[in-house]
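Multiple structures follow.
There are two complexes below, and they share chain A, which is joined by chain B in the first and by chain C in the second.
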Partner chain A sequence: MDFTSVFGDFTAMAPLIILLVGALLLPAVQFIGKRPTATWAVALLFTAVSLIVNMMMLTDGTSYTTLDMYTYVAFTGIMVLLFQVVLFLAILVSNSSVETTRLHVGAYYALLVGATTGMMFVAGSNDLLTIFVGVELTSISSYAMVSMKRKDPRAAEAGVKYVIIGGLSTALTIYGISMVYGLTGTTSLSAMSTLVLDMNWMMAVALVCMIAGYGFKIAAVPFHMWAPDVYEGASSPVSLFLATGSKKMGLSVFIQVFLVTFIAGSVLGAEATEGLQYLFAIIAALTMTVGNIVAIAQTNIKRMLAYSSVAQAGYILIIMAVASEYAVSAGLFHMFTHVFMKGGAFLVVGALICAGIGEKISDYRGLAKRSPFMAAAMMLFLFSLAGIPPLAGFTSKFFLFSSAIGGVDGVTSQWVWLAFIAILNSAISLYYYARVVKAMYVEKGSSDEKIVVPKAFTVAIAICVLFVIVLGVYPQLIFDYCELAAAAIF
Partner chain B sequence: MIPIEYFLILGAILFAIGAYGVLTKSNAIVVLMCIELMLNAANINFVAFGAFNDDIIGQAFVVMTISVAAAEVAVGIAILLNAYKMRKTTDLDDAELTSMRW
Partner chain C sequence: MEMPILSLLLLLPLIGAVLTLLMGGERQKYAKIVAGVFSAITLVVALFVMFSNDFGSFDESCAWIETSFITINYSLHVDGLSILMVFLTALLTLLVVVFSSEEKDRPKYFHALVMAMEVGLMGVYLAADYFLFYVMWEITLIPMYFMISWYGGPRRHYAAIKFLIYTHVASLVMLIGIFAMGFMTMEMTGVMDFSFAAINTLMPQTSEMFQIAVFALLFFGFMVKMPSFPFHTWLPDAHTEAPTGGSVLLAGVMLKMGSYGIIRVCLECFPEGAEYWQWVIIAIGLISIVYGAYACIAQTDLKKMVAFSSISHMGMVMLGIGCLSDIGITFAIFQMFAHGLITAVLFMVCGMTGHIVGTREIPLLGGLAGKLPIYATFMMIGFMASLGLPGLVGFWGEFPLVYGFYEFAVSNDMLWLILFCLLSLMLTAGYYLWAMQRTLFGPETTKIDLSHVHDVSKPEFVALAVLVVLIALFGVWPDAALQFIDPYVDGLILGVF
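And now, the complex of A and B:
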């Protein structure tokens, strides 16, 4: 179907425009109707329409451009699809969760939808200005959503922490961008990749500021300390949204700005580009190691999942060092499987909170008897995160690590050590995932009473389980599109 | 014409003062003010580069930064008010309460 007759020059932004209209309408819907379920249904409807439009544009394969600043190519399509899936899961469970606000329902859904619009805006941006505005739209909406949890001082504190860290990262980024602008005289990424610049102290300051600023957004070590507190303080649907959606936005910026423009475009000359690759390799190795090792000591399951999320970002950062087309498609595929496995794990935590079970790992004792479905789903998600075949996490990690090993043309790449560290880390992570499984299946709980969780949670968890299994045995479903996406930008 | 180095040094000094404040001050409102200082340091850079390169994008960027900074502070103060209701203080690292810094 052709959308140009409806959206004209703005066809590239069609999925965004639909969501933006939704974000503006939702508070009004709540104000007039005063029924949270109706508002929820409208939010879900807008997400579904936007999802369908994007699927049509993605399978159609045409690329569009709006004003030289926003381009819709396969890469944009696949990232937008990812954000829409995250949004769909987060909205689906928000109405039945006991943690989400009951006072500001309209604002809550509007912020959720608005934040996703920001992410989608970033995914297609071809200019540092639009990337900056999109990132801020997402960040500022997220600050408010984190503090919107009901009656919990932890949420209020996490909100303040998130605002301050977020503000610091914004300031660092914008200072870095101003330096890059001074050196290149442009903010357009495509114009920048045609230049050849010297590596001087000013460029170094600019790159360090930008990597630190966006590093905060993806919670890369050493900029990760906010993530556990914020994911713990926020309500589970918002934690899911931040851990799977917001983090992917940061990674999308890393791919667009640093990987495609600076490393692949070789703006800085061969020597400095290799230095940049080594810097990212070190950040990736540190991020996965610190994330996994600190996760072992956690007793709160949300904090444990947050640290494991830090580690997963480290795995994806491998692609920044390897910088090949295959690596990018593997990274995109891992982002997708991460949505279903980490999102699913957060959904199980949220569902159990609704059923009155706490966030401590010790609260999960004997869960297999009390709710066989929840325990089985949690086990699947955790084993998938650890990378056990035939689940989705194994397939995506296999692609990702094999891209670092290389060997396609008989030559082993220089990043084998990075793959080695990553595999070692996967083994470490199995320890703390298995601990939760042990608590659920082996240890005896204090009660054998059956628990009931809201239906929306069951549906959302079932969707995640389905995709974790399907993507494990039939990765081509998404991987084909990831390859197209990597070919489109690389 | 004033040499561009003067603008860049002013920007760098502002940025350093802001960063120092964010890292050391304990009052959340002062920390938000310091973040503003850091953002304005970048704005000075943008305006200076825009004027010296004879390019309009620099000034357009500043308008965006100013509006983003305003939105961020508005949301930040509201969140701070929410936290103040529960903690009765805007101190980030109060000895008796959990730290809100990092």
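And now, the complex of A and C:
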């Protein structure tokens, strides 16, 4: 279908515009109708329409440009698709979750949709400033969403922490951008890639500032300490949204700005960029190791998932070091499988909170008897996260880790150590995931009473289970597009 | 279209596992029948493949994942190396189902786990693509984990998690080796192809440095599974805690995955790597046989003793492989098969000791032969077979191996190395006879109450009898197994060494 007749020059932003309209309409819908379920349905509808439009644009394969600032290529399409899937899952369960606010329903959905708009804006931007604006739109919406679980003091703490850390990261980022502008006279990524060949100390400081700033967004070590508090304090749908969506936005920025502009964009000055690659390799190794090791000690399942999410970001950062087209497609694919497995795990946690089960791992004892479906789904998600075949997490890790061993020319030994660290980490992670499985399946619970969870959760979890299995045995469903996306930006 | 026979070997247990799981509530008592029927059909199919004269005709292959970068096929293949293992897997699964038919604790899960395990094990032995191989390799972990942690002994949680993590780490190291082989095919042909056909023909042409490095990665992964000294510590724990059925599958076929991998992957792909590491393999083999046997003497738990004897016997396999000679590899494969049959008897007997008498502690037992004659007979046959009594299958697994190693030692002017073998054989005979004497003979024990014990039950008798018949059959007619192994080893030796 040709969307240019409807959206004109703004076709590139069509999925975004649809959601933006939704974000603006939702508070009004709630104000007039005063029925949360209706507002929920409208939010879901806008998400679905936007998702369908994006799917059509993605399968169509045409690229569009709006005002030289926003480009829709396969990479944008696949990232936007990911954000929409996350949004869809988050909204789907929001109405039935007991953790969702009942006071500001309109605002809640508007913020959720608005934050996604920001992410989608980032994915297509080719200018440092527009990227910055998109990131801020997402961040500021998220601060409010996190603190919306009003009766829980942990939510307030999480909100404050998130705002302060977010403010710091924003300041660092904008400082870095201003220095880059001062050096090159432009903020356009495509113009910049040829200008940054000669790395001087000021450029290095600027880059480090920006890496730190965006490092906070993806919770890379050492900028990760906010993540567990925030994920623990926020309601489960919001945790899901932040862990699987907002984090991917940060990774998208890393790919667009650092990987494409500075590393791949300046192949001529290999010496200059090699340092950057090593920096990322170290951050990746640290992030996965710290995430996994600290996760072992957690007793709260949300915090454990948060640290495991830190570790997963570390795995994906491998692509920044390796910087090959194959690595990027593998990384994108892992981001997708991560949405379903980590998202699914957060959904199970959220569903069980609705059924009155706590967040401690010990609360999960005997779950297999009380709710066989929830326990089985959780086991699948956790085993998938640990990389046990034939689940999606294994297949994507297979692609991702293998990209560190070689490239199109065959075996390259430069990043083999990174693959080793990643694989050892993967083994560590099995330990703490297996502990939850053990609690659910092996240990005896205090009660044998059956659990009833809201239908919306069951549906959302079933979707995740389906994709965790399907993407495991038939990865091409998404991987083909990931390859197109990687080809589009290189 | 031809019937995909090899896929049937994977599909039948899978269907069996799912159907068994569906036997809830009242129907739970039929779980064993469903599992029995499906594992019996699987065995029939396996026998059909075994007795057809043309293995090559069963090959299956179809594209699974095809990106612009990677080709992964769903390929299955059977040959002289794998067919005995396929047979052993099918046989032991059926016998475990029969043996455990009186399992009272959630029988549907138990039998479903056994069937699920069969899927993974069959997959490992049939896979002809490294991706599929690795997937199946890992799939075997999960049912075993649950088997130990649901049906195991008092320290089952510790044993289960140790087993899971230990072997998972090893397989991940192996995975790095698989990556390296994949990228090497890409360097050589332009496509990243994970099929055995591509990798196993291309790898012997790679540089010595590459062979040495990748051989080490893969070897580590396989050796932990076998397990060999010094990475054996998960095995005694897993065995002591696992239920009898689990132990039989674990020792009978799962350990063989390790030695199968060494021959199939390490030897076929990296002949130069194998020559470089030859002395390390020999050393590991020698230490394992002596250490395993030595540790056996100190054990007081009958089952733990048998677990350590597995380490010693698998060390024998390692030693045979290390010779890198025709006779060494041939009888290493034979020993894998022989040990599979014998160890199944041993673990069944030890498991029975636990539930008949109530304890497996050797010092508490004594004079059981008078009270439990059938049980005692099976135990004696098992022990005798395991220590290598001529006329039973164990003899053919050990004697030619020692001879093969003797040849190797002589050709390297290191004849004294043979002393380790002799020492191990002596220790083996020693601990078996000593254990037998303490448990079966002498005055009847007064430390435990033997008034209510009953001898072997019918299903247990059937399972043990089948194994004992096979042990005797292959003992007097080893050629029945060697006819499959010989052509394979001839091909291997001609091809690479």
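Criterion: the second predicted complex is superposed on the first by the 480 of 490 C-alpha atoms of A that agree within 3 Å, B and C clash if a C-alpha of one lies under 4 Å from a C-alpha of the other, contacts with A are read in each partner's own complex, and residues count from 1 in each chain.
Rule of thumb we're sticking to: a contact is a pair of C-beta atoms (placed from the backbone, for glycine too) under 8 Å apart; a residue touches a chain by one contact, two chains touch by 3 or more.
None of the values given here were measured: they were computed from a predicted structure.
In the superposition on chain A, contact is made by A:Tyr431 with chain C only, not with chain B.
Once the two complexes are overlaid on the shared chain, A:Gly406 sits against chain C while remaining clear of chain B. Of the two partner chains, chain B is the only one touched by A:Ser147; chain C is not.
Of the two partner chains, neither chain B nor chain C is touched by A:Phe346. Look at A:Trp40: by the touch rule set out above, it reaches neither chain B nor chain C.
Legend: residue contacts after superposition of the two complexes on their common chain; A:Tyr175 is shown touching chain B, with no touch to chain C. Interface residues of chain A facing chain C in the complex, by the touch rule stated above, are 326, 329, 383, 388-390, 394-395, 398-399, 401-402, 405-412, 416, 419-420, 423-424, 426-427, 430-431, 434-435, 438, 441-442, 474-476, 479-480, 483. Those residues of chain B whose C-beta lies close enough to touch chain A in the complex are 11, 15, 18, 22, 28, 31-32, 35, 38-39, 41-43, 45-46, 48-49, 53, 55, 57-58, 60-61, 64-65, 68, 71-72, 75-76, 78-80, 82-83, 85-87, 92, 98, 100-102. Those residues of chain A lying in contact with chain B across their complex are 129, 132-133, 136, 139-140, 143-144, 147, 153, 156-157, 159-161, 163-168, 170-172, 174-175, 177-179, 181-182, 185-187, 225-226. Chain C meets chain A in the complex at residues 65-70, 131, 134-135, 138-139, 141-142, 145-146, 149-150, 157, 160-161, 164-165, 168-169, 172-173, 175-176, 179-180, 182-184, 186-188, 210.
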